[in-house]
Every structure is written in structure tokens, then in C-alpha cells.
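One structure follows; several queries about it will come next.
Which chain is which? They are A, B, C, D and E, in the order written, and residues in each are numbered from 1.
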Amino acid sequence: MVSLDQLKEEVKKALSSGKVKYFIGYENIGSGWQVRPAFIRQPEDVDRLVWTPACFHNLVRFLHDEKRRRAREKNPDIRPVGLVVKGCDSRSINVLLQEKYIERNDVYIIGVSCELTGVINITKLNQHLNGLKPQKVLFGSKGTFKVIVDDREIEIEAPDILADRCLECPANFPVIADVILGEEIKRNPGNRYQSISAYEKMALDERWSFWQQQFSRCLRCYACRSVCPMCYCDECVADSIAYAVTAETTADEKAQKTRWVERNPELSENIFYHLVRAIHLAGRCVDCGECERVCPVEIPLRLLNKKMEKEAKELFGYEVGFDPAQPPLIACFRDNDPQDFIR
Amino acid sequence: MMEKTILKSSFPQWIKSLQSFKVFIPKRENFGWELSSNNQILEIASDYTYPVVPPKKLIFPQEEIFFEFEQNPDNGIELKEVLPEESPQVIFGVRPCDGRAVEAMDLVFGGSFEDLYYWRRRRQTTLVGLACHQPPSENCFCLSVEGSPYSEDGLDILLTDLGDRYFVKALTEKGEKLLSEAPSLFKEITPKDREEKERVHLEAQGKIKRHLNGARELPEKIKAIFDSNFWDEESSNCLRCGICTYLCPTCHCFDINDETKSLAPLRGRRIRTWDTCQFPDFTMHSSGHNPRPDRASRLRQRLAHKFLYFILLYDRFQCVGCGRCISLCPVGIDIIEVLTRARNHGK
Amino acid sequence: MKRTGVFVCHCGINIAGTVDVKKVAAELAKHPGVVHAEDYVYMCSDPGQNLIIQAIKEKKLDSVVVACCSPTLHETTFRNATKKAGLNPYRCEIANIREQCSWVHREKSKATQKAISITRGVVEKVRRNESLEDVSVPVTKRALVIGGGIAGIQASLDIADAGYEVILVEKSPSIGGHMSQLSETFPTLDCSQCILTPKMVEVSKHPRIKLMTYSEVQEVSGYVGNFKVKILKKPTYVDPDKCTLCDECTKVCPIVVPNEFDMGLTGRRAIYIPFPQAIPASYTIDEKACPGMFDTAIACGKCADVCKPGAINFDMKPEIVEVDVGAIVVATGYDLYDKSMMAEYGYGQYPDVLDGLQFERLLSASGPTGGRILRPSDKKEPKEVVFIQCVGSRDPELHWPYCSKICCMYTAKHAMLYKHHVHDGQAYVFYIDIRSGGKNYEEFVHRAVEEDGVLYLRGKVSRVFEDNGKLIVWGVDTLTGKQIEIAADMVVLAMAIRPSKGMDELAKKLKIALDKDGFLAEAHPKLRPVESMTSGIFLAGAAQAPKDIPEAVGQASGAAAKAMAILSRDRLFHSPTVARVIRNLCTGCGMCVSVCPFEAISLKEGKAEVNEILCEGCGTCSASCLRNAIQVKNLTPHHIQEMIKACLGG
Amino acid sequence: MAAEFEPRIVAFLCKWCSSAGADLAGVSRMEYPPNVIPIQVMCSGSVSPLYVFSALSHGADGVLVSGCHPGDCHYIKGNYYARRRLALVKKLLEYIGLEPQRFQMSWVSATEGVKFSQLIYDLVKELKPLGPQTKFRRNY
Amino acid sequence: MVNNVYLPRIGEIIEIKDEVKGARPIKTFRVRLTDGPIFSFRCGQCAMLSVFGKGESMISISSSPLVTDYLQFSILKMGRVTSALHEMEPGNLIGVRGPYGNGFPIESWKGKNLIFIGGGIGLAPIWSVLQTALLQKDDYGELMLIYGARTSQDLVFRSELQQLKNQIPVHLSIDVAEPGWSEFVGFVPQNVLDKKPSPQNAIAITCGPPIMIKFVIKALKDLGFEDDQIYTTVENKMKCGIGKCGRCNIGHHYVCKDGPVYSWAQLKELPQEF
């Protein structure tokens, strides 16, 4: 079991020694059981920290903000930022290292093992509880969750309410960390591509009608992109809500900026946006599942990324996030890459 | 003003009678409730809460075509105004907060420059409210922003669920017109109906758990802490996505862009789309200078707009307490908490 | 850009026969920003070009599209015309409506429509084109040749003879390479030393060649025309200017180590001259062998004592020499495949199992046996010698898949020369097949079989082992299917040719690629065989692939010619349609750096930077960039998108 | 009776092999249907997935990317990157429900005029029965 | 029938003049409206110009309201729309809607001395007031122009400025010395301190880059100007022009509608989000 006290201790140590600039962990929202990212700046604040099955956020994403802040400030404090990471989150750190977005000593990593569980899916939890409102959601023993409802304790088998990504997780243990809490317990993920198999089997038109429905309700609020640890571009090529413009940028450069996607939320534009995102995440997405979780209209974005993950693995033997030294998926090739689709 | 009741069993008939209207009724989707014009649905489900995307999208749609332009053979340019169709629509299940939000939006799109597109839709829209017999979400706080679960502001009709029937209160002519489409279905009210309605309203009021105390003190407070680092701290986990604003029933900010369909001859259109103060380029000058360059100033803008500027302009909050921004925020930014902390900041 | 002119060529009836050129011009005239559109029967003719020049001047055109034949034919023509009219040539583009339109379609209306689409696309492209000037850099008129074997010698002499300075770097104490070890050369059987030595001397005497032996390239930076090279000069501890070659030192030196030149068949002293004809003619103290070089010196200092001219200097230090060069020829040659890999043939285990070079030394008059063929074990003349070909080559499962190319020939030579020495002996050759492509090569092999009675056995040897003073060779004759057992006195293995040791590191320093077998990769297997993928670095000799002497020499001269093509110019010019980094979009992820085939991109302070001289403008970087932060000038994503839009009628 | 549907294909041809191959088809007068609009790029390796999506979005009924055969790339390895990158694009497009015929890749060398003309024949033949590509196309 | 505020009128460019060339070019456009006379407007008001297919941009009107044949705009090439405008030629059509904004309260300045202080393209909104004041010279006291740019080539209205010198004091400046330049070298605020305009019965109208405005105001304060004697304009990104799209606000003021003209007394009370 991951010990919260130990976590607090480690964070306190890192903060009071001045080793880290600040620490990002999780805290409860209000008095409820749900959690949100917590920015801990003082050692005495470590008691805000929690570690529960609702800690689904991938905190690696906040390194982007730190990087931008450093770029803005004249004399930035360049001490590392402390982070709590799960297995999946840790792999996104590896990808950021791979892409030289950060350096290893920009971040102080406290890794937590998901052991036999992982994080929950709130919809599944609510369905499971059938209308009852949970007061607390905790890790149980041996691959269960403990949910407190009406001051009663309910034990739920992990697979019943685990987030889909956890059910298909290839490594529930941090692959890069300074401190690791919890045990490395191998959990058999079963079929890593379970969630997409049904869609792969669909007839083409059936698949199209499914995706058409999904994409047509996209609001383009960009929560998917904003929460993604890999979407760190200052300006997204697909559809920008931020322009990387400096005083040196010429009028012609601005005028010639390619607008691939129009601002209107029609199907064609929504598809373009999501296609570009999917292809740009190929070989980079670690399946932390955050994009899908945050989508207010629940577009199953994981299904796109998972498909790319599967193809990268099956076509090119490429696994994401285990080795920061490997070249990016599309920046390398093998002489015998499949080409049966080429005429 | 007209007060009636209608049996729930008669409700489908009422809907069917509204042949000349496009009727929107809450429909359950996997992501939550949606206002749907799918005419299969003839009643409001008993477990209906509120639509994820508020009714504003039917009056102020995410995409509005202003006009089309076309180069004519002698190189002139012709503009073809594209106005919304003249087709009346009825929205059922508008929660009182969302009704109040429409009223707030009326203020924005009215005034010295009236927005033709907005008002075309608005005038053709009949809002049939449904009083909350219990809060649609655990983050409802309408009472704190001068609303209530049975507020009539902005609505044309307010329905109150009395179990087997609705208490129907037509608030405007448009509302009365809707009742007149099937007069036989509506019954005169009895004192008991009225009594029950009052009871439902009061009970609902008691079920609201969340409160933002002293909202009217906020304008001064926000002004006072405008330049403090309070906003930095509060926005530290903001993702800069558009959820809080796109799904806010009162947020009205928009963008205008040209799209070209062809270059020779030049053809295209000018469209309006939703935009949000949370996106970095919202205020970015073309020089690259950005008056609101960071998440702190953008969070401040969102809250100051709702709790300071709007009050200065219209003497009301631009927040109706629906709680969507709280429930849907991916990182748990809670407007009630933030404002409460703002109020206590420096104390 | 707003003033585009469109010129539609009839090309006689080649275009006009299928495409309604008047209509193309008329439609394009309506395209926004097109202020001039006309058609003409032959645009490439002088009057046609003049039309363009005139229109540019009169209508103040700022861009020009010529709809005509393939750009491969007349792009230059029209760009020159554009230039003549005072417009930057890159403001002119070609719409290919002949090869890719009129010539392949029949239906006029459809072909016309297609021609319009194509031209519209190009109009949208050209109006976004920047005015560009060729990239240019000055050239350092000096070459570096790495490797002092026959290829390096030849390349050095060729370049120096053409009037340019050459720095020839050789890692061993003498130039000459493997060729100096050979006895006689096929197919002419002339003496290797005899033809090589004059060339070595020429190198040493050449006024424009600076010879740096016992030296290694340590660091290479820069780019074509402007390389900066750091060369490590190892200390020889003997001053060559003072050394008189009296050889007194070796007589007193107490240390004996295997002699590399004789492939270990003899020994040499710690102070030595590699071979009598060595260039530079001087001695070297092998610091690994001489105990005097260690801290805990039992330094005998005997050599210094006997050296009358006082040439020996124990205080000599390694030295780093920095040179600027404009071109580099890599001629690092080969080594034989590591013998330890060949346990089944007893190589390294039985003294009478030799490799080809050792056999060369036995054959050589200057060799350990004075040119007599004697077994190393007992100094007896072997009466039955088995030669085995393809040892380690053509063996994809266990060793190397490629053919080492020269073994067929030298084995024939070995067998033949053996017979010339030992008339009553019998030579057997195990082969897979005989590859004797080359001038007079096939005849040479025939001579071995017919005149010298060499017995060729087609098949593979499975094992060689010693039994009762004999080397038993087990093999199969694949022609007859019979098992063969030969009790031989000597076995000679034609070991696979490998790139010389340390070449992989050198390649890294030079940032040039290796092929899958570890040889240097050429830029194009057919069309650019002497160039590396890095501009300004050329390949010569066996470092690129196994080759015989004439091929190595030929390639060396080729590489020299290529190098001279660079050195002969004061400045290098380069197409300006190269990649450009949009710095504020670049995050420094380095994907462009990894995909660039030309090593033209590097990361500087977290942003990609393009070396415009090295960039070939292929655009692979731009497609790999997730942010479009690197774009090829005049073919940016913006160009492409507008072309797509315009082509599709948008 | 409406005219037969004529698909519009955007073909990204690399300058050195495929565009040269198309030129050869022209020089040899090998007729093929006029449904293809060539866009010459320097190398198939420069074809970004964005180009493919953009062509579909702007109403192409089919998109072809053609480059040198493996090992023959003028830029040594651009086509290998293209192969990997566009394999993913193809998988993705089909997964979303785009007909596989609509996005194709080919190797056409400078000597393969015949192959190029046959390829266009085949593409047009395959695309005709599918009708216009409306899935990704902008309505406006 | 309610007027559709988003529907522009079609304007024809009747004249284009190159003001500044180089990397940051400025051109002056004169535009007539194809469907009738130009709208009436106040000095300092703006119009939303569109290049169809590119979008809209809010540009201040640099001609005087007393000139009714055309509207004049001086435009710095900055982004998508302004680049497209710079590519246009006389005869080309653009969209025009407006006028927007509050404009300068010139009625209340009657009888006062007016000191115009501009930097770079910032002369454009000032020019409208200056021209008006010149046309109604009797209504105002002394006029003075202090104007500067990076280099002499970056000064706009160069020929007009020469003529203007015959009528009122004109003090030009450039940031760094150039051969042949006989006037002030240095930044505009320094020139203000150098020329020392008197605050007596005066109004100072300043417009230019934000950093210049900041120091001009400081200079004016040093010279004894009161906050309500100093007027300036504010620039923010705009889309609708009518206070609805929500992006140009400083506090509860929408610059497009309630601005862009502010006295320093007003402006300093508002959040500095511009």
C-alpha cells in the first residue's frame, strides 16, 4: 500500500530542504471525496495532500506552465518542480524528456505504484452505487476499492469501477522516479486493446456513423488539448487559441499563418482537429486517459489514441514512454516497416 | 398572467399540439442531458436535471452565419445577409437559472447596438421553465446570486412538478399562446394546487446545499484585490480550456471570422462563433502583445466580469448559480470557493 | 503578392491540341491577383520569353506562372527570363500542363479543366513565394585525406597534383597500407612493393602534401567548404629529421613483440621501423611495448644510448593540430575479420592455419621466410595446401552476408604462386562460386586451374582439425555430393573483409553514415557512389566496400575529382529553397534533427538551426515537425494548403 | 440523367521519381483519366498528414501520395519516413470510417510511366463507385 | 426593420499613399462608400474595415469629420487583415462599418490651446482632430504638434507635415541621429520636456505606442498638466466593435464602444489591461 504519511513526509523533506520549488500533488475538493491538483509551496501545507483512487489527473501537464513561466521571467527560479506520478504519468515524463521539452533535473518525481488497482471512473462508480452518493473513496486491500456511503463501507472489486485505461495499462508502476512509494506488483492487463476491438470489428459505415456522432457534438473547448501532457505546443497547428507571436514576427508571417481548421464547430472542422491531434499523439500518447475524462460531452478520445498506440506497436514494434533515449516514432524507421498498403 | 395545471398524462398531447413550433425537450445522452428537437420525446423525464450545454445555444448558437459575400462578374462585391429562419421554437425544461441567464444575455445583445441575429431567435423562442424540485446538481447556488429554484425571470412559462401534474404559470404573452394551442388540456387551478406548488418551491429551496455568502460585497472586494497575487494562486491549476465559459449559460463572448469557399470568383462567409476569455489569443493584439497574458488575469476577467463589471453595467450578477463551471471543471476550480476566498482575502 | 502574370504555352499543338489554352488564359485572368494572362504558341522561344519579360515590366508583375511543359525542361529558361526582366527568379513557377495533362488526356473539356486547376494551384503557390538569393559560402582550398593506403595515397596525389593542399592522415607509423604487405598482385603478378613504393615516395616529396602519420582525426566540425578538423599526433619519440636509419637502436632494444607488418609471423622490437621502405623513413617507439614509457620505469634507455644523432626523445608529447579544410576524403581501408570468430577452422589455434595476408607475407621476398613457403610450425614446405574461400563472407546466418569480392582472385593468385614455389605440391580451393569479373580476371583463374593444376572444389568446409601433424579438412563437394577429407599441411583462409578497426568512431566524428554491414554508406548506390551523405565528405577504397586495387585507385581518383570540384571554387552556391526554422514555434524536440538525411539541422539553445549549405530542401523535417516550425522556403505548408484549395476549386 | 461521377484526386508526387514517372507517362503518351491533380513536392517524406487531411477537407474524393521505391529516394530515406507516417494516417482514416480507397500511397519510379498511368486508371475505377467524398468535406 | 450592425457597407478605395516603406510599412487609404455618402463621425472614432475573406480590423479615422467626400485611414501592416489591405489597389472594394467609439470631446475644448503629441502610427487619430482644429482655427487657441518616430523614414504624413509647419509649430523627432536631420533626436517624451508646452488653458492629446504614452503622460505631469487635461486613446483587440464580443474591455469599459478616447483622469481609474 502507498502510505500517505510517507508521501507527505517525502514532500515535506523535498520542500523544507529547498530541493524543489514547489510540489504538485492532489487534494480534496472542499470536504468531498473528489480531488484536484494541489500546489504545495510550504512544508506545513503537506497535510492537504491526499492519495485516493480519484487521483486521476496527470500532473505532468503542469510542467508546461512551469516551462512557460520560466521563459517569461527574467531570473527564474530553476529548481525542479515536485510531482506525484502514477505509472502512466511517469511515461509521459519520459516522452517529454525524449522530446527535450524538459530535462531530468527540471522535475523531482515521487512515483506511486498503482499496485493491484488504479484510478476509478466516476461514471462507473455512480452506476455501481446506483444513485447512492459516496462520502469517501479509498483504496481497499488486495485489488479492491473501499467506498464509504451513508457511513457504511462498501468493498468494490477494482475491475468493476476502474477507469478503462487502467484496465488496459501496460505498466502500473512508475518507470522513472526519484522516490517510489508502494510495491511493484504486476497486474495482468489482459488485452491491452480491448476497448477498441469492438470498433475495429465494425463495418466501415457503422464506424463512420459512430465517429460522426461523436465528433459532431464537439464544442472545441479544447479541454482535451489543454489537459494533455503532450500538447505543449505554444501554438497548435490544428486550431490555435494561442499564437506564438513575438515582436520579431513579421506581418507577412502572421498573414501567411496556415489556418488548417476554421473556427466553426462544424463536423468537418471538428474531425480535422481531432484527426490532427490523434496523428500528432501517435507514438507520444501514454494513455493517461485525461482527454477523455475531461471532455464535457464525453467524446471517447481514448479510442483514437489507443488505436494509434496499437498500430505503433503492431506495425513498428514501438512502445511509448519506457525509454527516454529512443527516437520518436515518426523520426525513425526500419527497413522492413510494413508497406503492403503501398501500391 | 395565467395559472393552470396540466396532467402529466396530457403532457404529450400538449407537445403534439405545438405543430407550428420546433420543440426542444431534454433527452438523455451518454454524456448527460441535451435539449433535443427529436420529436419522439413527448415528456420531461422525471430524473431530468439540466442540460449540459445550456439553452443559450438555441438562441446564441455556437455558430452564426452573418452574411455571405460573393464577387460578381464586374468585380463588385455582393453581401447576402443570412438571418436566422423565422421559425418559432419552444424549449421545455429550462431551469430557472438558465432562464435568468437568458435575461442577462438579453441585456448584452440589446442596448444601443441591437444584435439582429440574437433577437430574431430570441423573439421566436418560448422558454418553458421547469422549477427545480430538487437541485439539478450538487453545485447549485442560485439562491446566492439573487435567483431561486422557481425564479420566473426570463421565462415565458414556469412549470412546477406536482407529481402527477404540472402547475403551469404562463408569464408572458408567448407563454399564454403556448397554452392556447391546446386549451382543453389545461385545468383551472385549485387552492390545493397553489399550496402544493408553494410547498415544492420551498422544499426545493431548502435542498440547495451550496452558498456564496455576501455576493454583493464582491464587486468592491474584487476591485480591491485586482492587482494582488491572489489570482495567481487561484489559477495555478487552470488548464486554460473553455469548459467553464462555453457551458456557462450567461457567457456571451464571441469571435468573428471570414471563411472563403472559393477564390475565383471570391466567395465566402462571415461567421460568428463562441469564444472565451479563457483562451490566450482572445485578447492578444496582432503585435503579440497580450493585455491578459496569463491564466491569472484570465481567471480574474471571468470572475470580475460576472461579479464586478456586469454589476457596474446592469446592476446584476452575470452568474446565475447553475454550478456547471464547478461540476465540469476538469481540475476542480470552484467559483464559490474562489470567490469566498476572494472575499476573505487579506482579512 | 497581388500582380501575377500567367503565360499559357500552346507548345504547337502539343498542349493546344488537347487543352483549350485560350480558355485556360481566360479563366486564369479571372483569378484574384492575376493581372495578366495570355497564351502563345511557343513560350520557350525568344519571342515567347520576350512576351514574359515585356509583361513583367509593363504590368509590374510581381510573380509569373508559365503553364507549359514539365519544369525539368524549362524551369531554368523561364526563371532566367524572369531574372532578365528584373524579377527574382524564384517568383516564377511552372505549371506542368503538357506531360501531366495534355499528353495524357484526350477529352478536351476535361483536360482543359484539369489544366486550369493545375495552373490555379501554381498561381497560389507563386504568389506566396519569397524572392530568394542563392546561399553561398567561401571555400577553404585544402583537402583532408584520412587513410594512407593506396586509395588515400592516390586521392592525395590527384588532389595535390591539381594544385591544392592536402593533409594526409595515417594512424600507423607509415603510409602504404595493406598493399605494402602484398607479394604480387593479380592478375598481372607484378610486385606490389615495386609499384607502390614510388607513389609513397611521391607523397613524401610532394610540396603540397602534408603527411601526418601516427595521427588520428579527433574531432570534425563545420560543413562543406569549411570543415575544422582536430588531429591528434601521437608521439613517436623519434625525431625523423635526425634519424639516419642506422638501425642501431633495434639491435639493443630488449623487447620483442609480434610484428604487425608480418601479421604476427615474426617479431619486432619496441623501437622499430614498420618495414624497410616505410614512409616517413623513421623509427617509432611503441609506447605500449616499451617499458620505458611506464611510470614505474625500468626504462633501459638503451636505444637512446646508442643513437648517435640523438634522435630519440622520451619527452615527446601527444600534440593536437587544428586544420581547416574544404573537403574530406575518407580512405580508411579494411581489416580482416577477427580470427577468433573462426574457431571451427582452427584459425588462431593451429599455427599452420593462416589467413590470406599471412600467406602474402610468406610469399613476399621481404617476408619472414624470404619468400619461401614454409609452414610456421615446423618450417617445412607444405605439400598439400587447402585454400578456403568465403570465410565469414556470404554467410548471413553466422557471419556477414556480403561477398568480400577480392578473395576469389587472391586465392587463385595464392594457389598459383604456391605452385610456382612448390612444384610438386597440390593446391585445393574450396569455393562457393568463382567471381572473376574484371579485366583479365577470368583468364587468370583459368590459368590457375589449367596451367597450375589447382584443384577447385565446390563446397564448404565444415571443420579443420589437427591429426598426427596434418590438418584434416572436412568438406563437402556440392557438385558430386561427396564428403571430402583432405589431410593438408597448411590451410589458408580467405577471411572476410571488414572495415578497419575504429572506423565506426571516425564515422561518428565525421557524422557520416555506415551501411548495415558497417562500411561507409555512399550517398546513392548508383549515382553518387563516391560521396557520403554529408556534403563535402567523399569515400575511397575498401572503407566503402571490399574492393581490389584498381577499383580502390579508381574510386580514389573519383573522390579526388569530387573534392576538387569543391576546392576549385571560391564560393559554394546552393539552392536557396532550404528549410527555415520559425523560432517562436520551435520547441527543440529534435525530430527534424533525427530525420534530416544530411545532418543539416542541429539544436542550438533549444531551437533547431538549419545549415543552409548542407540542407537539400527535401522537406522531410517539415513533415515531421508537429508544429510546422520548420518549413522549406517556397514550399511551406501554407503554399501546399493554398495549392490544394485552389486546385480543388476553392 | 446525371453525368457519371468523376472523382477528383489530389496526387502528391515527389519531384525525383513519381513526378518524373508521370512525365514519362506523358512523353510516352500513355493516356489516363484526367481526374488527378498533381501537386509536386520535393520528397514523399515532406508530405505531412496535414496535407492529406486538408485535401480531404477541401473536397478531394481521393488522395494519392507517391514517392520513390524504398532505397531509391533522392534524399536517401525520406520515403521511409513517409511510409511509416502515412501508414498511421491510413490506419487512422479507416478507423474513423473513411473508405480505404480514398487514401492511397504508391511507389512510382522515374521509369514507371506505365505504372503511373495504370495506377491512375485503377484509382479512378475504384473511386467511381464510392461517389463523392462527403465525410470529411467542408460543407462550406 | 432593425439595422444589422454586423453588415458592413461596401467601400471603394479611391487613393492609396505609401507613408512608410520597409519592414513596418504604413499606407494611407482614402475610401468612399459605394452606396451613398459617408457616415458622420467624431474625431477619434474608428471604423471596422474588412477585407472579405480575411476578416475585419478596427482602424481609427484619420480624416476630419468636416471632410465628407471620403474617409481616410492610415494603416500599419501588422497582421492578416492589414497585410491584405496593403496589397489592395485603388478601385478595390472593402467593407466598412461604423463609426465606433466615443471620439474626442472637442466641443469642450473650444477656446483652449491644443498640444498634439504623437508617435509613429499614433499620429493617425490625432490627425483627425488636428485637421478639424485647423479648419475651425478660430474656435481654438494655439495649436502645437510634437511628433516623432524611430527614423525619419518612419514619420507618416511627411509632406503634409512640411506644409503644416507654415501654420503651427511642429516639433519632430527621431529616436537616433541620422545624417541631414536637423530637428530633435530622442524619444517623444524627451522632446515634450524639451519643448515645454504650457499647461495654461491647454489640452494635451497624445497617441502612440503604450510605452511612449506612459512617459509622455509622466512628462506632461512634470510640466504641470492636470489629469483631466491629458487625453489619449487605448487600443485593444476587437471583433464586434459594439461592446458585445467581450474582449476589448478594460474593467467594465468596452474600448470599442466606451473608448478609445480617455482622459488620463478616467483611464488611471481603470484596470491597465491594454
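The rule is simple: a contact is a pair of C-beta atoms (placed from the backbone, for glycine too) under 8 Å apart; a residue touches a chain by one contact, two chains touch by 3 or more.
Since the structure is predicted, the reported quantities are computational estimates derived from the model, not experimental observations.
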Next on the checklist: Applying the touch definition from the top, give me the chains sitting in contact with each of chain B and chain D.
Outcome noted: A, C
Checklist entry - Across the interfaces A-E and C-D, which one involves more C-beta pairs in contact? => result C-D
Item to check | chain B and chain C, separation of their C-alpha mean positions in angstrom | outcome: 71
Item to check | Distance from the mean Cα position of chain D to that of chain A, given in whole angstrom | outcome: 35
Item to check | Distance from chain E to chain B - Cα centre to Cα centre, in angstrom | outcome: 39
Next on the checklist: How many angstrom lie between the centres of chain C and chain E, each centre taken as the mean Cα position?
Outcome noted: 66
Next on the checklist: Give me the residue numbers in chain D that touch at least two other chains, ranges are fine.
Outcome noted: 49-50, 54, 77, 81, 85, 140
Checklist outcome for this item: Each of the following residues of chain A touches two or more other chains, namely 237, 245-246, 249, 254, 257, 260, 262, 264, 266, 330-332, 335
Next on the checklist: Where in chain B do residues touch at least two different other chains?
Outcome noted: 255, 257, 259-261, 263, 266, 282, 284, 286-287
Checklist entry - Which residues, counting only chain C, touch chain B once they are in their complex? => result 27, 30-32, 120, 124, 645-646, 649-650
Checklist outcome for this item: Interface with chain A, chain D side, in the complex: residues 49-50, 53-54, 57, 70, 77, 80-81, 83-85, 87-99, 104-107, 119, 122, 135-140
Next on the checklist: For the complex, give me every residue of chain C touching chain D.
Outcome noted: 70-72, 96, 98-101, 103-107, 110-111, 113-114, 117-118, 121, 523-525, 533, 595, 597-598, 616-620, 622-624, 628, 632, 635, 637, 640-641, 643-645, 647-650
Checklist outcome for this item: Within their complex, chain B touches chain D through residues 259, 261, 269
Item to check | Complex interface listing, chain A residues touching chain D | outcome: 199-200, 204-212, 237, 260, 262, 264, 266-269, 271-272, 275-276, 278-279, 282, 304, 307-308, 311-312, 315-316, 329-333, 335, 337-339, 341-343
